[in-house]
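For reference, the structure discussed in these notes is given below.
A, B, C and D label the chains in the order they appear, each numbered from 1.
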Amino acid sequence: MSDLSTKIGRLTLQNPIMPASGTFSEDLAAVFDLDRIGAHVLKTITAETRSGNPTPRVCELPGGMLNAIGIPSKGIDYFREHALPFWARYSAPLVVSISAHSAAEFATLARAVSLPGVAAIEANISCPNIEADGKAFAMSPESTEAVMRALRGATDLPLWAKLTPNTGEPIEVAQAAEAAGADALVVANTVLGMAIDIESRRPRLGNVMGGMSGPAIKPIALRMTYQCARAVAIPVIGCGGIATLDDVLEFLIAGARAVQVGTETFRSPTVMLRLIEALDQWMAARGIGSLDQIIGTIAAEADEAARHWGAAS
Amino acid sequence: MSDLSTKIGRLTLQNPIMPASGTFSEDLAAVFDLDRIGAHVLKTITAETRSGNPTPRVCELPGGMLNAIGIPSKGIDYFREHALPFWARYSAPLVVSISAHSAAEFATLARAVSLPGVAAIEANISCPNIEADGKAFAMSPESTEAVMRALRGATDLPLWAKLTPNTGEPIEVAQAAEAAGADALVVANTVLGMAIDIESRRPRLGNVMGGMSGPAIKPIALRMTYQCARAVAIPVIGCGGIATLDDVLEFLIAGARAVQVGTETFRSPTVMLRLIEALDQWMAARGIGSLDQIIGTIAAEADEAARHWGAAS
Amino acid sequence: MFHDPLMPAAPRCAEVTAEVLSNSPVNGEYRLMELAAPPEVLECHPGQFFQLLCPTSGADQPYLRRPMSIYGYDAAAGRLQFLYKIAGAGTRGLATLRPGDGLNVLGPLGVGFSMPPEWRNLMLVARGVGLATLAPLAKLAQAEGRRLTAICSARRADLAMSTDLFRSYGAEVIVVTDADGSSSVESLRALIGGRIAAGQVDAFYTCGSSRLLRLLQELGAAHGIPGEIAMEQQMACGIGMCQACVRSFRVGDQIVQRRVCREGPVFPIAEAMA
Amino acid sequence: MFHDPLMPAAPRCAEVTAEVLSNSPVNGEYRLMELAAPPEVLECHPGQFFQLLCPTSGADQPYLRRPMSIYGYDAAAGRLQFLYKIAGAGTRGLATLRPGDGLNVLGPLGVGFSMPPEWRNLMLVARGVGLATLAPLAKLAQAEGRRLTAICSARRADLAMSTDLFRSYGAEVIVVTDADGSSSVESLRALIGGRIAAGQVDAFYTCGSSRLLRLLQELGAAHGIPGEIAMEQQMACGIGMCQACVRSFRVGDQIVQRRVCREGPVFPIAEAMA
């Protein structure tokens, strides 16, 4: 057994594998012991109840899917009365994902969920499904800084900012979140996409556009993880298309201190357990004692020699 | 035979299928009669000669690839003396893709390639491979407008602006290009991505990050095509991950007046011919006489009824 | 039927690779697949389903799992059966499986049919693969000594499926067809109305068609007859996490959203919305 | 060897689906695949290659084509052969092909070996799959009445490949091995030096290893012996469009970039850079 623990600011996770928000719920307890994963990241909640988007809410792609679920939420009261007590049975840290329409509302909600049993708050400032044309706070450094500052003022809990790959300024946004007091960055949410049914000539999603997830987006999320890890001092949590041990390692090597697994859990609900085991074995086989020997160890450039076949080999 | 012709501003193409820049060259003449496709879009050239990026320049992904070719160019003189005379033998319109480091250099190059035999200029203001961290003119509306205005002042040829999916402001950028006098938009270039070799812990590309292309990016390019087609009055040419007739139709239905086929030509050099034939047959089978009965015909919303199975069917 | 979040009522389910024993066409449109499955996925209840990780085949690359009702299960024998119709990429992939191949299945999932003691005379009404969903219910009904009438609807009499199976469970089987018009709503209203009048119907079970649903809602309301319907919706996870599979239900004067995979796939007929 | 853009010198190539006739292991590490191919892809020249669209198999989804040298071609018989080593996703996929399966091939591609009349005594030096690339060259050399020496390098004598084939083309075959040290650079320098001294070498042909390349560059420069090397580089298109496959060459005092797929894969040994 290698030491798989990883520190995300003042939180220590027993291993770096945790679920991505919206792809995890108490229902997974029917499949495996939820205390074996690094943390519990809940589906984003809002203060008010919301019904979410019209169906169809998902659409399959080669190597991934689109979703336009739209943050249905039972609201803050339900969270306090039902969800929180349920999760209290576990010792893995509970990360509560929240969303709101303004910095002030975000702050109010953060205050409301800063309860015993909550280990960290993940600010979903990047959902492409609730604002027009995928606009979200994390699209620009200015709005990111504003909302994160409001959140920082509202809670003492560790604050994770979940970023979006749809911004053209990933580095500036990451630095804005850090400057405003974020304790960690989750990189990243879904990529805005679309699909059309040829025969009916209709969008395949009730909400027309939606968020792409799954292996197809991995190179994008990995690139952004790399960009952010180089640009900030706070921990980065990689997320996007992770399905295999190689994927986990790519994100860690790129600089992520932990990863979130999303859509792959739909294909294989036990994938997080398998990843933890595979990581453990991979490290043991190489005599790697701790994740610090992996995290951020990417070489500055491609090794031309190592990739030269034939005459150069 | 249906009428496959399509108008891109004052240019009429015999059919809507053309190659994407950088995935086409005179070498393809060894495979099929190049006069059967809608237009000839050449690899981006620069005024000066450039050697391009270090190898490895490509890396395979599931459902696509990354490239960091980096615009190697033999320069404007070579273009005038060798390339242009070669293409003169064909009647399909010749579209010359150009790139430069400033608006002024762009204008100078546009003037230099405004030669008899050139039907249009495609301004590659979106290459993620030549600027740091994927920055390019088309990342922001301001720089887009500046460079397109300079280009507009430099040539009377039809001007196509090739946009990037890496911007967070696709609509504003599209509108800026239109306001500055672009005759058409090409939507879009590659998506900035990355891949890491686990064993060597090195980036898989010599240039570290690179542009993702192929089916994996189709939902992103389609989304942006849809966004742009709704936001501007000038023609939009769809590009990104097109491999099948269904893909072509999705882009046309989303509002594209033509499409560019890139990476798929690497897998199947004759794919453009097959797409033209398949489109012809599809239209004929449905009694669709012209592309106008397809272009931009997307319904406003998903048809819940059409997607309801079971109890609602 | 709805779960208390403090205690996940979801029956334990598992992800296992089962071995294909057979996978052959039954009457052209449908295929029956039998699997050798381990005990941890065989504590099933009629109306539950599995999520199948369908193999890729040719250009088809089904990414998401596909929901499929349990057609038959036998924990003692270690057997699990699905009856399916080829619809698209996923089911095309299923059809390529040969005896000896492995199939990754996740289940059993969802909340199945209930059968309160006072429902003595059961009427099953379905069509096509809907009959697959009702088959294990019929078996259970027989075991519990209920009286069973199964109305099997099909295009033609020779396409009516599983009629022998229903008979073997002691059901009176009535085949209605499009060919002779007996499957029309009017004919069915008359047929079922007659049985109700004769006091032979305590509850309905159905799935599949919204035409049938509306008819049974109407008859149920008129005569105070309860019932359950197994519903379908596109799914991503199948276990309650993603909220892709919601449908609207009428509860009193409210419209509520429920997850077909988790609160369902079986719902009260009176609350379902066509 | 370089093409004039005014007249595409590229030999016509085609994308066709060829039928696999056989695909079996030869001595553990390598596999020989024989295809029935139509005439439009059989006007080949030694040193050219094909781009193979390798089938997906299991989790392997090779997206790009894979370059593979022509090991044998026979236009009259409609036959095309490749000798390959399993390296990764693509070649693993190739290995799954069975007789009767189709394989989409694109070719012939690139510029092959030249054989000026004054090159009477040819020395072939290669190892592993490099020998595959030289096989059709040996056949052509025999047809043109050249004298041929083939130095086949391998780990052990029993792993030396295609020695009988080279002999059948009239070559004197010299097997050198790691096992007995005869494949080392020093041994080879002595061996080849001896032949040169005896006036038995007008030109070298090689491919594969950069150790061999450096040795032949050194000997070639010292004794004024020309030669050609078939090189490798990762490819996306294989026909000259993408510029992925460039390598650096020394031409006079300049370093130039050339596309392995289009200006090559065969280049002058003197210009190649290891």
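By definition in this document, contacts are C-beta pairs under 8 Å (C-beta built on N, C-alpha and C of every residue); 3 or more make two chains touch, one makes a residue touch a chain.
Nothing here was measured: the structure is a model prediction, and the numbers come from that model.
Looking at chain A and chain D, the chains that touch each of them are B. Summed over C-beta pairs in contact, the chain pair with the top total is A-B.
Separation between the centroids of chain C and chain D, computed from CA atoms only, is 60 Å. Distance between chain B and chain D, defined via averaged C-alpha coordinates, is recorded as 36 Å. Annotation: 32 Å between the Cα-based centres of chain A and chain B. Contact of a single residue of chain C with at least two other chains is seen at positions 233-234. Multi-chain contact residues of chain A (touching two or more other chains): 55-56, 61-64, 307.
Only residues 5-6, 8, 10-15, 53, 61-65, 104, 106, 233-234, 236-244, 246-247, 257, 262 of chain C touch chain A when the two sit together in their complex. Here chain B touches chain A in the complex through residues 54-56, 61-64, 66, 133, 139-140, 166-169, 171, 191-198, 200-206, 208-209, 212, 215-217, 219-220, 222-223, 226-227, 246, 249-250, 253-254, 297-299, 301-304, 306-307, going by the rule given at the top. Taken together, the chain A residues at the contact with chain C in this complex read 22-31, 43, 51-52, 55-58, 60-65, 67, 69, 72, 82-83, 85-86, 214, 263, 265-270.
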